[in-house]
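First the structure, in the form of structure tokens, and then the observations on it.
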Amino acid sequence: MNPFSEKTMEQIAAIIKKYPEGKHKSALLPVLHLAQRERNGYLSVETMNEVAAMLNLEPVEVYEVATFYSMFNLQPVGRFVLEVCRTSPCCIVGGEQIMDYLKQKLSISEGETTPDGLFTIKPMECLGSCGTGPVLQILEKFYENLTEAKIDEIIADCKQQHAVLN
Amino acid sequence: MPKVIIDGFEIEVPAGTTILNAARQIGGDLVPPAMCYYSKLKDSGGKCRTCLVKVTKGSNTDPRPMPKLVASCRTVVADGMEVANITSPEVLDARKGVVEFLLINHPLDCPVCDQAGECDLQDLAFEHGSPKTRYEFERRTFEPIDIGDKIKLHMNRCIMCFRCVFLADQLTPERLHGIMNRGDHAEISTYIEKAVDNDFSGNMIDVCPVGALTDRTFRFTSRVWFTNPVLAHRQCNTCCGKTILWMKGDEVLRVSARTTFYGEVEEFICNTCRFEKKNAADWIMEGPADISRHSVIAQNHSHTMQVLKNGVPQYDDSQKPTPKVKSEIE
Amino acid sequence: MPQKIFLEHTGKADLTQIEHYLKFGGYSSVAKALNTLTPEEVVAEVKKSGLRGRGGAGFSTGMKWSFLDKKSGNPAYLVCNADESEPGTFKDRYLMEFNPHMLLEGMIVSAYALAANTAYIYIRGEYWYLIDILEKAIAQAHAKGFLGKNILGKPYSLEIYVHPGAGAYICGEETALLESLEGKRGNPRIKPPFPAVYGLYGCPTVVNNVETLAAVPWIINNGSAAYATIGIGASTGTKLISACGNVKKRGVYEIELGLPVEEFIFSDEYCGGMANGKKLKACVPGGSSVPVLPAHLLLKTEKGEPRLLTYESLADGGFKTGSMLGSGGFIVYDHEQCMVRNTWNFTRFYRHESCGQCSPCREGTGWMEKILYKIETGKGNMADIDLLWDIQRRIEGNTICPLGDAAAWPVASAIRHFRHEFEWHVTNPAEATKPGAVYNGNLLSVV
């Protein structure tokens, strides 16, 4: 496994400085976010152990935290994790149909990854985008007021992005 | 010192005492049951909600009742406080609810559970639960796992009291297990397979109120009520060496720490005493251990009937608190 | 024109740039507070203004501040709760995205009042893009001398840091938030002690919602008396309401507290009425946790008075016929929405978000979800409805934190007001399980 990039290490050092002396455990959530981004979108045991060593924590403290928060993936995921809101305010404006369409389009169920390793559908609870639902999120970017046409576009964009980067 | 009235009984306790501990000082039926609180483990309590009580008067200075039921194990008494436990139908109903919640995912495997007969959840269900379940869905299940060669974890039976986690934090050099996931998926786990093995890890078995953590060296050896509990001690460099031996004839089937009337360990013991000293010759026997006559374990034991009056055995209740409030009310 | 505090200048310029924000009088309350007011005077002003916590509980902000333990000898902390996760609520996101400096300004003045030298913004991880906006704003405020050592040359220093959560509704509960900020699982603490005495790192701490803190500059600039004249009775000031669901114009609106609910839904200035010509059936007026109201009880109280957007009016009638203002997450349902499916959806949410610490919530939310799914899929019976009622009743009030109540209330209110829909699912399973099927026998509560 590659070590964290220099930039990430710098960011981690800066994060730790936000908290008082001896309270570096506070840095755990932001550091796990960075680690997940750098390590293919999920936290392996090795990654978590590395974070534990970095913050001088018992590995179990990291496992406990990582398994508590729904943004952390503990299993390998696709290159694009489509986090789709499934809570009422989105559902009553067509969220369920969008989810169905997405599943049909990618031929996978919720929580699954496409065989080509490109897409994972991850159902999420309320993403705080109720005024512009149905909504899905890929990393920090919100895709709002979703329609079937927009889903087609998003999928095509992702595929293109993937093609360009490879 | 603040005075508090619990179900009509007044007691004066040192400042900082919780309602639960004040009630324990009074004793009897008015003592709230406690599944997660453990006086020897810092920060324990407040989670299981079986010890909920109603504070009908906050204190002399602020007599307002508390708006919600409170966890008696984590609520400190104030001077003039009045508390209703078994005199409050609201409390009894809430408690019945809590017992039901604790049981919906708990397996009915008492017949094959080593904890049966000394299980706090059995006692709680017997006293406060309903005979029938209203839960009709599949129960949450996990595979039992060995955490080391001495301890078995049956996550199905766990009620998430957190005691074993506090114990590992507070008594052992490093903690290898913890709470993973959340909500009704939360579980006690090491996350990756790992043996929890250090001098004091065996105490997790004793603080577990149910059969989630059991002694692998005792596994399926005997029902606990077919054993004779005997107080014993040995010279030990690691711990106090004071234990209870659970014996069948001359055989030592199991070793555990001594417990108080409320089922808490008096002094924690080390794994050598617990797991490795299984010969009667390792120990200096002191005599039969006192078992509550209400316990199924006491049923076969004559030593609980020590005093003969006119030739009739009398139960020795001298160590037990006297008030029997519930029966008086009923 | 109704008074606007938060959104007065949004849209006129890019307020994420401090120069623009300054042009509209931004950061003047920092100068006013530091130059002319003692911390105690700031607390007194906020107390007199009647400002109440905008996260949902509606507790007096000034009172909360006055509970802060000043004698502990430990440093005090101010923590901004930007974990906005209550379904239907997206007002804080809007405020932080379009007016981040107003939050910072409010935090500076509030931290000064509390004598805190460190403040954290705990923001939900899903709002990752806002962290960038906030951190840029913090850097700009630093450069202008509103943050850092000796602010405006006065002997007061403050640093504000942004801390991301990672997907846990429960971290909106203030003690769970503090646990999470300490790098732990978001398990709510058992109270007392309250954060004012034992908060972040065991130090005295005040946790306030984004909108609450952002209201402070206006109060300091214009005075508590001016603020208290906005609104009605004990509901003073303005409130951000995030409208969603089946209305024409979803979005974030700033209203003066006291605006009639009917006007909010139907006037063109706000939601513009129901979308697609449908009828109003029900509404959850304060975020998913508060009781759902059928249309007739939403627009008018049981006594027949117009329902207003105030803490008191929305609660009028108690839980029998009223609800709560809550966080201002205003979810509107048209007559084609199924209340059973909606209740199941909410309950699935609470099951997913329960921390698992205490037994009634951990076990009860899952049990309710299973029963609701059973009814929704046409397999329920009448006894299930009563069982649901019994379960929610035994969760409510018996848990460590308010998530138990939040899970119980939607179920209780749905059964209370829409019991016929549950019964219809039981008696007509074939019809009720058709996609999009909705009971339409209760036209009485459709407006």
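Side notes on the structure shown:
The letters A, B and C name the chains in turn, as written, and every chain counts its residues from 1.
Note that a contact is a pair of C-beta atoms (placed from the backbone, for glycine too) under 8 Å apart; a residue touches a chain by one contact, two chains touch by 3 or more.
All figures in this text were calculated on a predicted structure; none of them were measured in a lab.
Relative to the centroid of all protein Cα atoms, the closest per-chain Cα centroid is that of C.
In this structure, the chain pairs A-C and B-C differ in their number of contacting C-beta pairs, and the larger number is found at A-C. Averaged C-alpha coordinates put the centre of chain B at 40 Å from the centre of chain C.
Centroids of chain A and chain C (each the mean of its C-alpha atoms) stand 25 Å apart.
In chain A, the residues that touch at least two other chains are 61, 64, 68. Contacts with at least two other chains are made by residues 179, 181-182 of chain B.
Annotation for chain C: residues touching 2 or more other chains are 168, 185, 352-353, 355.
Residues 168, 185, 190, 351-360, 362-367, 370, 387, 391, 393-395, 397-400 of chain C touch chain B in their complex.
Residues of chain B touching chain A in their complex: 174-182, 190-192.
Chain contact summary for the complex, chain A toward chain B: residues 45, 58-61, 63-64, 67-68. Against chain C, in their complex, chain B makes its touches with residues 45-50, 52, 68-69, 71, 74, 93-94, 96-98, 100-102, 104-105, 134-135, 137, 159-160, 162, 179, 181-186. Within the complex formed with chain C, the chain A residues making contact are 18-20, 23, 25-30, 32-33, 55, 61, 64-65, 68-72, 83, 86-89, 91-93, 124-133, 137, 139-142.
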